[in-house]
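The following blocks contain the structures, represented as structure tokens.
One chain, chain A, appears in both complexes that follow, with chain B as partner in the first and chain C in the second.
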Partner chain A sequence: MTEKKGREVSESCVDSLLTEMVSTYCNRFYANKPELAARRIEAIGYQVGHQLSERYTMERPRFNDHLEAIKFICKDFWSELFKKQIDNLKTNHRGTFVLQDNRFRWLSRISIDPSLENGDSQDPSAMAESKAAQATSMHLYFPCGIIRGALSNLGIPCAVSADISNLPACSFVVRIKA
Partner chain B sequence: MPPAGPRSGDAIFASVERVNAELFTLTYGATVRQLLTDLEEVEEVNKQLDQMGYNIGIRLIDEFLAKSNVSRCVDFKETAEVIAKVGFKMFLGIAATVTNWDADGTCCSIILDDNPLVDFVELPDTCQGLYYCNILSGVIRGALEMCLGRDIAPYLKIVTDTQYLAFTKVSMKTEVTWLRDVLRGDDAYELQVKLLKQVPEEYPYKDDE
Partner chain C sequence: MQFFGGSEISPSPPAPTVSGNNAHMVYVFNRNGVCLLYREWNRPLHTLNAQQDHKLMFGLLFSLKSLTAKMDPTSAERGNLGVPQLPGQGCSFHSFRTNTYKLSFMETPSGIKIILVTHPRTGDLRDSLKYIYNLYVDYVMKNPLYTPGSPIRSDLFITTLDQYVRSIA
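Our next item is the complex of A and B:
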């Protein structure tokens, strides 16, 4: 263990690693099985979220309810990862939470692999568009996995999906399992 | 504008956007673990990590050249030095040293005393044969292969009568291997970088002026 507190790396390192990890699973391993690629990418995110949440909650008391845990994700957890908090939190008070980041960093910084964007089709523009959308959604499995892993470590099993209908905002929808 | 000299790795690292290294370290660790699960063979994982690094290296070199003001990278020796000293610092925030040059300047060692990829990492016995940091060797190989093509102003040869510029690109094909690895019980990380061949290309370049 050679842990260094407060250590930093250039943001390009994280961006490059994420881009390459997603591309490895989507283009090289599971080029024709996007749902398998998605599951692997989400699983990697899950591990990361689980470990980060473990580290960030070591010295704090247990959360009393789901809302407290979700607020921790929105504030402290998000700040550690993105140097900003989640901008908007909504809930239906029945176990669904919507966490909105108005300018989600990984969508603006990560370069989408061009080979994912170029498709051969009769209608190249539509094809390219859907490929690009698919590439973007592949990238989002990672932060979804991170949130699910973090909450799972806090004893909250849930499903997490992302909504980017309002770019550059990104909303993460957390559905807590009863 | 006359080219400014190369910037120090420290100065660049201080000026770039930085993030919490834990995220980077844990993401890399989770990726390695997932690859081990999916590929089963340790050798195959080594290969994939190297390939991932190579793909990253050929992309990062642009940012490296742009931010470092390194204007020439034709000579292998100089390039290896600058990648180690400036490159490692500006991306990973760590210092790397270059040593053990052979007589004809085509083989050297890059030594890392510190390595953020391995924070919190202990390898189980089942991972024997794994080069956990193999992504780094791939990055170096990729970067050296693409270490060209941009802002190599001092090497521009002006051909005035045609208003064309010609410059020489040199692609450095290397073989990068681990000689020492702390995770395997050594006292430092040592990467041997061996130049296999330099591939020069004459390149016509239209002068816009």
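Our next item is the complex of A and C:
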């Protein structure tokens, strides 16, 4: 009886690779064009999510409805990617789902400079803080793309955005296209 | 050769003590002498301004390392003084003690120097310094918003460091 040997990848390598990817797209390829950089990163995530969902649903039957597919994303898919499940799922029963991860792994080490909040005048500190927030939000396009790619491979076209008003918790908002 | 232990942060810190911070101050320098972090919890006397103080500390460590390597009676080879080595290899001092404080030092292969100044009866702090280095790797080096070589401003790192140092009895 042979034991199924799992292949493993170093987590530090993946983290560093993602950091570099975001940094390269934002600062080198599309410097000063954050919307284009965001779209490219999201497109990469889309491809990755597409392929991953193919892999992780190999032995499963088709999903009956959208809720089943979203629950798959929250439980099995998230566990394969981040070794934990989504902590909280909310829906308005009209095609919008909010997936909340209370400690999103890829953001767990981001820390915004506290000295930026002690500006004398309002404008420079507000601008600096929003730059940090913008830099952080660039790291979210990849996971949003992954979710969008996975769902579209399951036959559910949608739009995904992220909300980080509450670091290190992160909420992904999925709007299914009618 | 795994030097700094597994991928998880280890060892886990003991429970925090009730009294305030036992340590006096901590410095973190990088390979080029840039002071990445300076925290003080308990230092009534300031003789120099911050910049001079950091330069003095870095120079002191450089000289001490050089001196201890040159005076080593057990080693036949000179060793390369400019290059950081694995802790335990070559000859490098790790602490000195006076009647009022103890200074503990660790240099990593990447040239990061961590200095912790505590009260004189503190035991061997090498494991604690390793733990602090692990914190540095996790919260500073892995922070996508951090530029290597610039002063550390990560809230997460500083808070965790404060808590950990408080727990070193």
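Definition applied: the second predicted complex is superposed on the first by the 156 of 178 C-alpha atoms of A that agree within 3 Å, B and C clash if a C-alpha of one lies under 4 Å from a C-alpha of the other, contacts with A are read in each partner's own complex, and residues count from 1 in each chain.
The rule is simple: a residue touches a chain if its C-beta (ideal position, glycine included) is under 8 Å from a C-beta of that chain, and two chains touch if they have at least 3 such contacts.
The shown structure was predicted, so the numbers you read here are calculated from the model rather than taken from an experiment.
Applying the stated contact rule after C-alpha superposition, one finds that A:Ala132 touches chain C and leaves chain B untouched. Once chain A of one complex is fitted onto chain A of the other, the partner contacts of A:Leu81 are limited to chain B, with no touch recorded for chain C. Shared-chain residue A:Glu35: touches no atom of chain B or chain C. When the shared chain is aligned, chain B comes close enough to touch A:Ala43, but chain C does not.
Look at A:Leu52: by the touch rule set out above, it reaches chain B but stays clear of chain C. By the touch criterion stated above, A:Asp65 is placed in contact with neither chain B nor chain C. In the overlay built on the shared chain, the residue A:Leu17 is in contact with chain B alone; chain C does not reach it.
Greater residue coverage of chain A by touch, when chain B is weighed against chain C, goes to B.
Touched by chain B in one complex and by chain C in the other are residues 11-12, 16, 18, 23, 111 of chain A. On chain A, the positions that touch chain B within their shared complex are 1-4, 7-14, 16-18, 20-21, 23-24, 28-29, 40, 43-45, 47-48, 51-52, 55, 80-81, 83, 111.
On the side of chain C, the complex with chain A involves touching residues 7, 138-139, 142-145, 153-157. Put simply, chain B touches chain A in their complex at residues 13, 16-24, 26-31, 33-34, 38, 48, 51-52, 55-56, 59-60, 63, 90-93, 114, 116, 118-120, 122, 135. Per the touch definition, chain A reaches chain C in the complex via residues 11-12, 15-16, 18-19, 22-23, 109-115, 132, 135-136, 139.
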